[in-house]
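Paired with chain B in one complex and with chain C in the other, chain A is shared by the two complexes that follow.
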Partner chain A sequence: MRRCTNPIAFLFRRTETALAAVIIVVSAVFSLASPYFLTLSNATDLIEANSVTTILAAGVFVVLVSGGIDISFAAVASVTQYVAALMATRYDWPVLPTVGLACALGVTLGIINALLTYYLRVVSIIVTIATSSIYYATLIYVTGGTEIYNLPDWWTNRIIFFQTKTASGDVARITLPMLIMVAVVLMTHLLMTRTRAGRQIYAFGGNPEAASRIGIKILPLQMHVYGYLGFLAGLAGFVQAHRVHQAVPTAMFGTELNVVAVAILGGASLVGGVGSMGGVILGVLLLAILQNGLNLLGVSYFFGVVVGLTILISISVTGYAEQRISLRRRPETS
Partner chain B sequence: MTDEAPLTIMCSRRALHASLDRLVAALRASGSNLVGLLLLLGGLTVFFAMLLPGTFLRVATLQAMMFQLPELGLLSLAMAIPLISGGLNLAIIATANQAALLMAWILTTQMPHEASGGLLALWIATALAAGFLLCFAIGILSGVMVAVMGVHPILVTLGTQTLVGGISIWLTHGRTLSGFPEPLLRVSNETFFGIPISFIVLAAVAVVVQVLLTRTPLGIRIHMIGSNLEATRFAGVDTRRVQIWVYVLSSLLCWLAAIIMMARFNSAGANIAQSYLLITILAAILGGIDPYGGFGRIDGLVLSLAILQMISSGFNLLGFSEHLTLALWGVTLLAVMSVKRLAATIQVSRFRSSRDQRKHHA
Partner chain C sequence: MRRSPPVLKLNTLRPSSTPFLGLENIGKRFGGTIALEGIDWSVQAGEVHCLVGENGSGKSTLIKIIAGVLAPEKGGRIIVEGLVHDHLDPPLAKKLGIQVIYQDLSLFPNLSVLENIAIDHELGAPTGLIDKKAMLVSAETVLASLDAHLPLGVRVGQLSVAQRQIVAICRGLASNARLLFMDEPTSSLTRHEVELLLAVVRRLKKLGVAVVFVSHRLEEVVELAERITVLRDGRKVATLPVSEVNDQRLAELMTGSRFENSVPAHHLKDRPPALAARRATRSGEFIDVTFTLHAGEVLGLTGLLGAGRTELALALFGMSMLERGELLFDGAPLRLRSNRDAIAAGIAYVPEDRLRLGLNLRQSIADNVSIGVLDRLLDRTGLVPPGRRSGLAREWVSRLGIIAANVAAAVQTLSGGNQQRVVLAKWLATKPKVLILDSPTVGVDIRNKHGIYEVIRKLAKDGVAILLISDEIPEVFFNCDRVLHMREGHLAGEFIPGEPSEEALTEAVFA
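Right, the complex of A and B next:
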């Protein structure tokens, strides 16, 4: 597509490379400023703390590639988490049915989004604003906003797969949320790069008209995309309750735009058709490192400013690069 | 007398029919959307009046609705202009909050407490001017990023929202400022012939925005870039300037919303009214503003605001929780979109069948 003679210039035009470079610079600054930053235990804590965001970002990434935006996932995660918690506490459901129920409910709510988007022919952001209000408000209304604290042990017990003491005496662990996160990331990557559905999602996001003319069925594709995000939202709700040991209906509300921002920062485009799982992970990582570093330095109040500047700078850099490319592509008219 | 009566009734009935037809035709011409919204509003009025006999159709209820509507109304107008231009402004709440914080800071910490009369007026004017300039600057920032960098407005305003909100949190550490001078609070507490002053502000602003969007070159151009940015550019319009104006106007409406919010809550903070952000989009879309840009009318938006407020007040009087109201707002939006979709399908099939008949005759 883009002809480029210089391989280094080509490398730097990719969002992923630029992000990785920024992450290295930021990490270097933080590790000079705080000795605790570049330790194994801080790294594992950071990854575990961002496991829920990563799981959700993976789903949002798929929706963004398909050319849509879904902001109802936080509401879906809250609903599935609460219903699963109710089943587990009131009716003593064991692990597998509970997780299965959470994911199935997530898929159902996601498919409702897909059906509405398809049949109403309205942009998905509008549909999901409406469904998000409905899901969330119904949950709060029915539950009255009460938390569920007495989750069963199998849900809240910390599952540690590997543990080691670092030289400084801190503990680094590999826990269940991290493994689930890795599995989700791998699954999403394979879905998007190695399966027919993934190629179709890229094709549809890149040019819906062309995609439907070569015979891609839009409705099943959208059901797949929004259902997948719903599935991951169910999983994320489960992991979130596992981490904080309770099911709070309001816990994830208001995080929608942050997750979308992270996915976009990682190179997924609102127009659809582009982006990679690796880029999204780098986007999550950059914001996670910024938050963690500012916390360690005791200036966490800067976080919003730093994130805002990061988003504005990164979009203006990519916007500027795209403009130069499109100018170069334009035929000489004079 | 006795045999004249049926005739007059017939005449008046015919006249009534004719005038009703004309009314319906006029309403159709101004967009079938408005008719639907009016019907919905009328239906809701009847519904709540029957459920709440004696309490719903009262001046006090109407006045309460007028007190509650202005801040959401002004913020929805701030969202409507970018939507018509084919964009979106996610930074409206953050902008309004920061403007309110700046004005609150001037009025609570900079202004001497004993200020009164002309000095007080001067201080309030200074605070308002500072808020105005701040909103203008935020609007310029968003507008320039959208227009010059050519980046999608959702992205740009997501960035400005985070940045502006971040600055507010950084400067206030999450605290709220409160205790404003009496004249400012009057904006939201006093009435003029029974109508809240804040509601008069909203009505006046809505009229101004409507005139601006439909009767001025800038307004027409905003519609044009919403329809087709490239075509407008090739038509010789400086689309960048129009886009910058869109976000400046949107931010300035946030400034007005900030004043009303300050007066109503008697406090300013970084995290006030966050839940309004998505509701303003909901109101605008419900009012018939095309999410793809290019089409939309302020009178539709005003009707949709009235509908949302009526649902909220009615449910409040019925003793339901505000959360159920939010759910019902979402349902209303989906229902209105479904009806529109259905109407469009029927229209297309009717057009097809009439075309086929004509072909058949020929």
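Right, the complex of A and C next:
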């Protein structure tokens, strides 16, 4: 293999290293501009605030690797959250059955997406746009848009595992959403790198025809992929209500594109077959840092523009690097 | 620290005269059509066998029956190592060691070489957790047994076609292949890459693995094969020792008719020049290329893949700019800023990859043929009347002998040879004075090949100047008035067919 002599080029060979480099540069700039940016309590706040996004992005990442795309997860999370909240408030269900129901319902709705995609032979984006619309509309119709405020204490009470006062007097905490997020990230990473199912998902995303020829069963695989995202959507709905102390039918509305964007920013591809959990985390992190930094500087209205530009630039840079690599490796084509 | 990988275990070397695979009276019908009938065939362990036939002769049906994808009609027997089956299914065929490498290779471009080779290992993991170490051992064992060297960590999408082919072979071996079918293995390889492939096949032979090459053209692999079986119209025409077959005889057996390769002798000294290049240079692609293409001439351009042929063609078509040197058209300097300039000047270029670059497969023949000349078809309102498009398409369908139900048929429903004619028609409709054809017969079977050659000769007779790029020596030798030979970006020589022998030209190109 050819040795890469240019350090910049080396950095951009992998999406992950490029993202990490950008994150370091951006963090350096913000920490110079705002003394509060690089503090422990800001870091923990940042992580907690992005726990729901990360949980969802992990699921979307799996779907993207399989070569599909699912944008119904926000609707699924809203539905499961509301149903669970109903059970907890009206019938006093305790924590385990409630969370179990949320996740099971999420899996079910996810599997419906898989079945529709498989049997209708329609691309998944169309199927999930349709189901997303149906899930949301049904939820709003059935609930009349009523919010649920009186969630039980076990749901809304802040659970703090570790807490410390920093030198500046601010508080840094490790909380339940952070732990759930870490568990989901680890689980997804292991699923995708160490299990047969995960490698089948990569194989199927890379070449579906070849995958079925070597005997991978497509329907169970799809059910696994979309069911997993549904499961995480159930979990995310639960965590989100835990953070905001209420269940609102439209709570997650509009988060779809942001979540898909961080997954793609992290190196997952709409064509499927590539990406890593680590990359997705870096994607979440980059956008989170940008938002946080701009907030601290008091210029948060730039955020939309900055997000758009970041996505455009990073996608074109990594796309260009990819092209260069394949051109260099295959001079004999053409 | 590197352990030497364990030796590949193959219990195939036991001496025995029973063939590894025997077929008796295999037939297959699809509805009313007979795809295969009364096939008796055998493959010995460690044998290299060629299975040839035109498209539609039943090759792929036969492979599917042997791979267990299709069941044969009743009364047929499939005998694998002395055990009689009336049909196989895919898992059973795999267990018996029968592996098929399809033309598209069915690899995973996004996964590493290691994962591709050991994919059965990976997917067969009993616990659901994958065992990286076992995969590594399996892949290294197979690579070592073939004496092949591939970077295990690199993604397959970054390998050359030849390397991918070796990955596919390794994958078959890692799943204990005893009989390997290779569907059109050489169609996208250069001569040098074919040599590498043949070296691997020699190793397979030593390991006792039988290899069956399935093809509709067979120049390279013949030298390694012991026997050759020809299918035609679902029947086995013959199984012959390779020593008794030559190209001419093979073509006869495959098509059932005689094709004469005749050398067209033309004298073109008095013809006017159409397109000429003077010291044309693009660094890294081609250097100091000077030649003249005359009206009515078929000029061959040959050389290995990567010699700069396609790059030169792209520059002649205005897709890339010359760094030095100049082009002359009808004797006047020609400056091409883009391919639109080239088209306007009367230059047409038919790319090699016609499926990707030359056609819109889902659209109709009429749509495809008319796309380049829509401006000419406008009526007074500035719209294109559908009648004019289909009229134009009908004209070309009959002139080029395209076989299709009608001009509204989608191009993807046509055979390879007919698709190639549609691409030709699309460019001929622009009434070019210079036609550049890049490997026009790749993937086209013998019968259609000759049809395309006839079209080329007719066009030349009508005064079109034709640059025929090909790496098939017989193709340029039998169809061109002159042949330019390109090597490493330089024009290395000019041949007049008939003066050197075909062998001498082959020698020069592959030297």
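Some observations on this one:
The criterion applied here is as follows: the second predicted complex is superposed on the first by the 313 of 334 C-alpha atoms of A that agree within 3 Å, B and C clash if a C-alpha of one lies under 4 Å from a C-alpha of the other, contacts with A are read in each partner's own complex, and residues count from 1 in each chain.
FYI, a contact is a pair of C-beta atoms (placed from the backbone, for glycine too) under 8 Å apart; a residue touches a chain by one contact, two chains touch by 3 or more.
Predicted, not measured: the structure shown is a model, and the values here were computed from it.
Of the two partner chains placed by superposition, only chain C is touched by A:V274; chain B is not.
Of the two partner chains placed around the shared chain by superposition, neither chain B nor chain C is touched by A:A21.
More residues of chain A are in touch with B than with the other of chain B and chain C.
Shared-chain residue A:L186: touches no atom of chain B or chain C.
Residue contacts after overlaying the shared chain place A:T138 against chain B, while chain C stays out of touching range.
In the superposition on chain A, A:A203 makes contact with chain C only, while chain B stays out of contact range. In the superposition on chain A, A:V29 makes contact with neither chain B nor chain C.
In the superposed model, A:R194 makes contact with chain C only, not with chain B. Shared interface residues of chain A, touching chain B in one complex and chain C in the other, do not exist. Of all the residues in chain C, the ones that touch chain A in their complex are 90-91, 102, 104-111, 115, 119-120, 122-123, 125, 128-130, 151, 154, 157-160, 190, 305-306, 310-311. For chain A in complex with chain C, the touching residues are 1, 194-197, 199-200, 202-203, 205-207, 209-211, 213-216, 272-274, 325-326, 329-334. By the touch criterion given at the top, residues 90, 145, 149-152, 154-156, 158-170, 173, 274, 278-279, 281-282, 285, 291-292, 321, 323-327, 329-331, 333-334, 337-338, 341 of chain B touch chain A in their complex.
Touching chain B in their complex are the following residues of chain A: 69, 71, 116, 119-123, 125-127, 129-134, 136-138, 140-141, 254, 257, 260-261, 264, 270-271, 301-309, 311-312, 315-316, 318-320, 322-323.
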